[in-house]
Amino acid sequence: MTRKDTAIILAHCPDQKGIIASITDFLLNNNGNIISLDQHVDRDNGEFYIRVEWELEGFGIPQEKTEDFFKTLIADKFNMQWKIAFGDAKPRVAIMVSKYGHCFYDILSRYDSGDWDIEIPLIISNHDKFKPVAERLDIPYYHIKKNKDIRAEQEKKEIELLKEHNVDVIILARYMQILTGNIISTFPNQIINIHHSSLPAFVGADPYRSAYKRGVKFMGATGHYVTEELDAGPIISQDVIPITHRDSIKEMKRKGKDIEKIVLANAVWAHLNHRVLIHENKTVVF
Amino acid sequence: MTRKDTAIILAHCPDQKGIIASITDFLLNNNGNIISLDQHVDRDNGEFYIRVEWELEGFGIPQEKTEDFFKTLIADKFNMQWKIAFGDAKPRVAIMVSKYGHCFYDILSRYDSGDWDIEIPLIISNHDKFKPVAERLDIPYYHIKKNKDIRAEQEKKEIELLKEHNVDVIILARYMQILTGNIISTFPNQIINIHHSSLPAFVGADPYRSAYKRGVKFMGATGHYVTEELDAGPIISQDVIPITHRDSIKEMKRKGKDIEKIVLANAVWAHLNHRVLIHENKTVVF
Amino acid sequence: MTRKDTAIILAHCPDQKGIIASITDFLLNNNGNIISLDQHVDRDNGEFYIRVEWELEGFGIPQEKTEDFFKTLIADKFNMQWKIAFGDAKPRVAIMVSKYGHCFYDILSRYDSGDWDIEIPLIISNHDKFKPVAERLDIPYYHIKKNKDIRAEQEKKEIELLKEHNVDVIILARYMQILTGNIISTFPNQIINIHHSSLPAFVGADPYRSAYKRGVKFMGATGHYVTEELDAGPIISQDVIPITHRDSIKEMKRKGKDIEKIVLANAVWAHLNHRVLIHENKTVVF
Amino acid sequence: MTRKDTAIILAHCPDQKGIIASITDFLLNNNGNIISLDQHVDRDNGEFYIRVEWELEGFGIPQEKTEDFFKTLIADKFNMQWKIAFGDAKPRVAIMVSKYGHCFYDILSRYDSGDWDIEIPLIISNHDKFKPVAERLDIPYYHIKKNKDIRAEQEKKEIELLKEHNVDVIILARYMQILTGNIISTFPNQIINIHHSSLPAFVGADPYRSAYKRGVKFMGATGHYVTEELDAGPIISQDVIPITHRDSIKEMKRKGKDIEKIVLANAVWAHLNHRVLIHENKTVVF
């Protein structure tokens, strides 16, 4: 998310001979200087994945025609799922938050310090608790209450707002409300949640209490794309820390805040830098 | 398991004032030099746990009366679950193994090199694969085939052998057979298994494949006491390693062998050194 | 740093029989309910360490006399280094920062969100970069320039300010200036620095570049008390992360920010909760 | 080290356009099916690194001519440092060991269990301690005493033996003797040592004691190629584990054995699988 004059191809397709050569030839023949190439073949499912970043300066194909050329010359031939991202676009990030502030503050710190070169056009919360924090940074804060009865209706407002602000990604920074399929399908693979366990262990509510009760010796956090099945979307990032019998539930929650915020930030960072490919509910993170 | 002229109290009871003072007074008044004291109060369930090790040289109470005195003067008063272990006993360890050798070899290496000062009076396997390895070290190897139909009958033989050899602990070194309640209840909290996942994630068969399919970014291993519910016994030790999309199932299995053997060894080591307390299906490992 | 009506003894002395019993008797005889006791004997240097926390409600010795009684009845007898802290005091924390904001923002987030129940009476910086951030939170910000020629003089101002604001601890949140013995000796064991390597590897300037050049496979961060010898004070906390050849120096710096801020926070948290004992330039962190 | 009918190119050179395309074209044009390709460009030093593995079945260039063709058509053009390995050769591994057995036993276990498909034509030791272990596995064991006065002379014998047995790699499995430049230069980048610290911390003798004295919160182990400067060769693998004040030097040594043996095995595994490139005293491990 250091923006720069580059473009990035993210693509995957069934593996076959010649894919890398085709893509690198396509770029070289048009005078594109490759500054990074990562590829992977999953021998277990036969899928090929690639991420290539090249400099736009001197590249022979105009930006507005790049997608069309790539589709015709490469993607269709190999039956690819793909996208091309241009590095000079400033990502537009929405934050949804409830009452736990650690992830929320952490993202705002990265934004305000300039470590993340993003726009935050809006914050949505089912509480008004963090309104003053948003105001200090001049970020519009929408307090949209939620409960079972008004969920559908309120989500409509949210979808409208998110569309209106043209967001690229929605961060659930410990947003303690279930999203319906409506909002999820409107922003497919664009909603990133942090779950406070090392999934698939301890799906659902109060994972720290469950971890305490099971007596595990490690606890963790998981950054993942939101899908309709609860806590079952593609995992982008995870981390764990050792715990012992000395860690009370309270202490687990305290320690958990720090891994939650870092794991969420890692997931968002990978997404914003166009490093994540999704296939069969799993990610390749280059 | 460095044997020495010490004794160890392992005890737990509902927390109340004065437990530590009572125990330390009991030892000091009888001229027992404490060389290690660990205690813990779990504020979430109100239980007090303690491990004390003291030198027997000069200790005023004869070894054969120590348990009786401790019971009368301390344990009954505080309603303790407790045991006293004497450090000069060489632990007697049985190994049960199937066809994966990494944990098996690792334990034998610790034994043969003298790093673990134990006896291995017998090895039991449902295959004859490792018989030559056992023979090289002069350890009796019992090849006892298993399947659903003969499980009960074969287990009777195993129980008899294990009793006859007077074993303190039974290590399931990737023993790929289910144990029945019969053998488990005969050796309560004495059977240690290694499960090749970070429990409670991926209970049951082929956890590496399940982890691959879920697309997790960490995999792990768990050493635990065997109880009747599969992979649900008290966890003694765990470890995890990061993985990425680059790790095939085969590579996960390869890497898994190393954490499995270390995690199992850590669990056994803690048990052999009388460092593990069990309460409510959880462990305190001092 | 959850303040509460408790007191904490931190003490260490040469090991001998009866220390724990003496302290627990002292508290119990005066009706003090122990809510946490951690002790450790270092067999390699023969030193005994203890931390005890007890409830003040109902405790028989008035707060203002507690230190005197403890000194006379216990500490002098065992030749202890010790202090007693009362849990109801709100810690007063000064921050010194230069131009890297990640640790600075992280501490402010913990403060502003209420996760850390502290006062921040002042921020000192050799740059004015973060003045607006401080002003948003109404924290006095002192811009005190530094260079070799004016260091001594400027430090005098700083010492005055820090004394005047009666600070308990000074956090060097990536403060890129050397402190002289003058300020260090005025606040002994009260200045906590974050060094961006896993000390003692890569002492001094630009450790990420050094780590890159040496080709290490792990990088880390270290939170430590500042002493006169550069990067050689007692280590409170460390953490590490794996790196590979894929991590450029720039990427190491980016990843480093996250471990730096967490490791620093862990060090400060341990200090503020009276969990750190120092002896022979090393810490015991209970 | 699962041997198979493949070949592997390991190469590095100053980065420029077209390297990947040239190599993949070279293989594809000769009907070589690429089964794995890893490449990396170090933007900090401008070097390009690649590892490609392809199937030999159907490959149009005969094995004995492959190196010549690659050199002429590709390597010379890009000024590469390179080698080609054929996957069907069984690696020949020598072990040198002194009195600590943990790494030694671990390697033998991998060998004897078949997890590592290697030959061990000889073991060299300055003690006769492990002779019986070697004999059980029918591996020739050479007891070659060492001290300052006879080092040069004894090394001559060792070099002769190692050459005679045509070894591919020499593992120093806690071999507590200094090697001279003579043996090192005879087997450049073929001697792998395990150092029991997280280098560059604690170079030299007794690193656990040094780590204890410095009061670090992590300890580690490092697998590296041996060069003339002590403990300063290219690092292949590292790992670390957390420690606390509770870990005595003795306990650090005990825990250290396990990371030492795993880290050493990881280094050797990477080397045997032709995954390590060396440049400017650093490794790229694909």
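Chains here go by letter, A, B, C and D, matching the order in which they are written, and residues are numbered from 1 within each.
The rule we apply is simple: a contact is a pair of C-beta atoms (placed from the backbone, for glycine too) under 8 Å apart; a residue touches a chain by one contact, two chains touch by 3 or more.
The structure displayed is predicted, hence computed values, not measured ones.
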In contact with subunit B and with subunit C at once: which chains are those? Just list them. A, D
Co-neighbours of subunit C and subunit A - touch as defined: B, D
Taking mean CA positions as centres, which chain lies farthest from subunit D? C
If you average the CA atoms of subunit B and of subunit D, how many Å lie between those two points? 35
Distance between the centres, which are taken as Cα means, of subunit D and subunit C, whole angstrom: 42
In subunit D, which residues are in touch with two or more of the other chains? 43
Subunit D contacts subunit C in the complex at 40, 42-44, 49, 198-202, 212-218, 220, 234-235, 237-240, 244-246, 248-249, 281-285
List of subunit D residues in touch with subunit A within their complex: 17-18, 20-21, 24-25, 28, 33-37, 39, 41, 43, 242
Okay, in this complex, where on subunit D does subunit B touch? 101-102, 105-106, 109, 112-113, 115, 133, 136, 254, 257-258, 262, 265
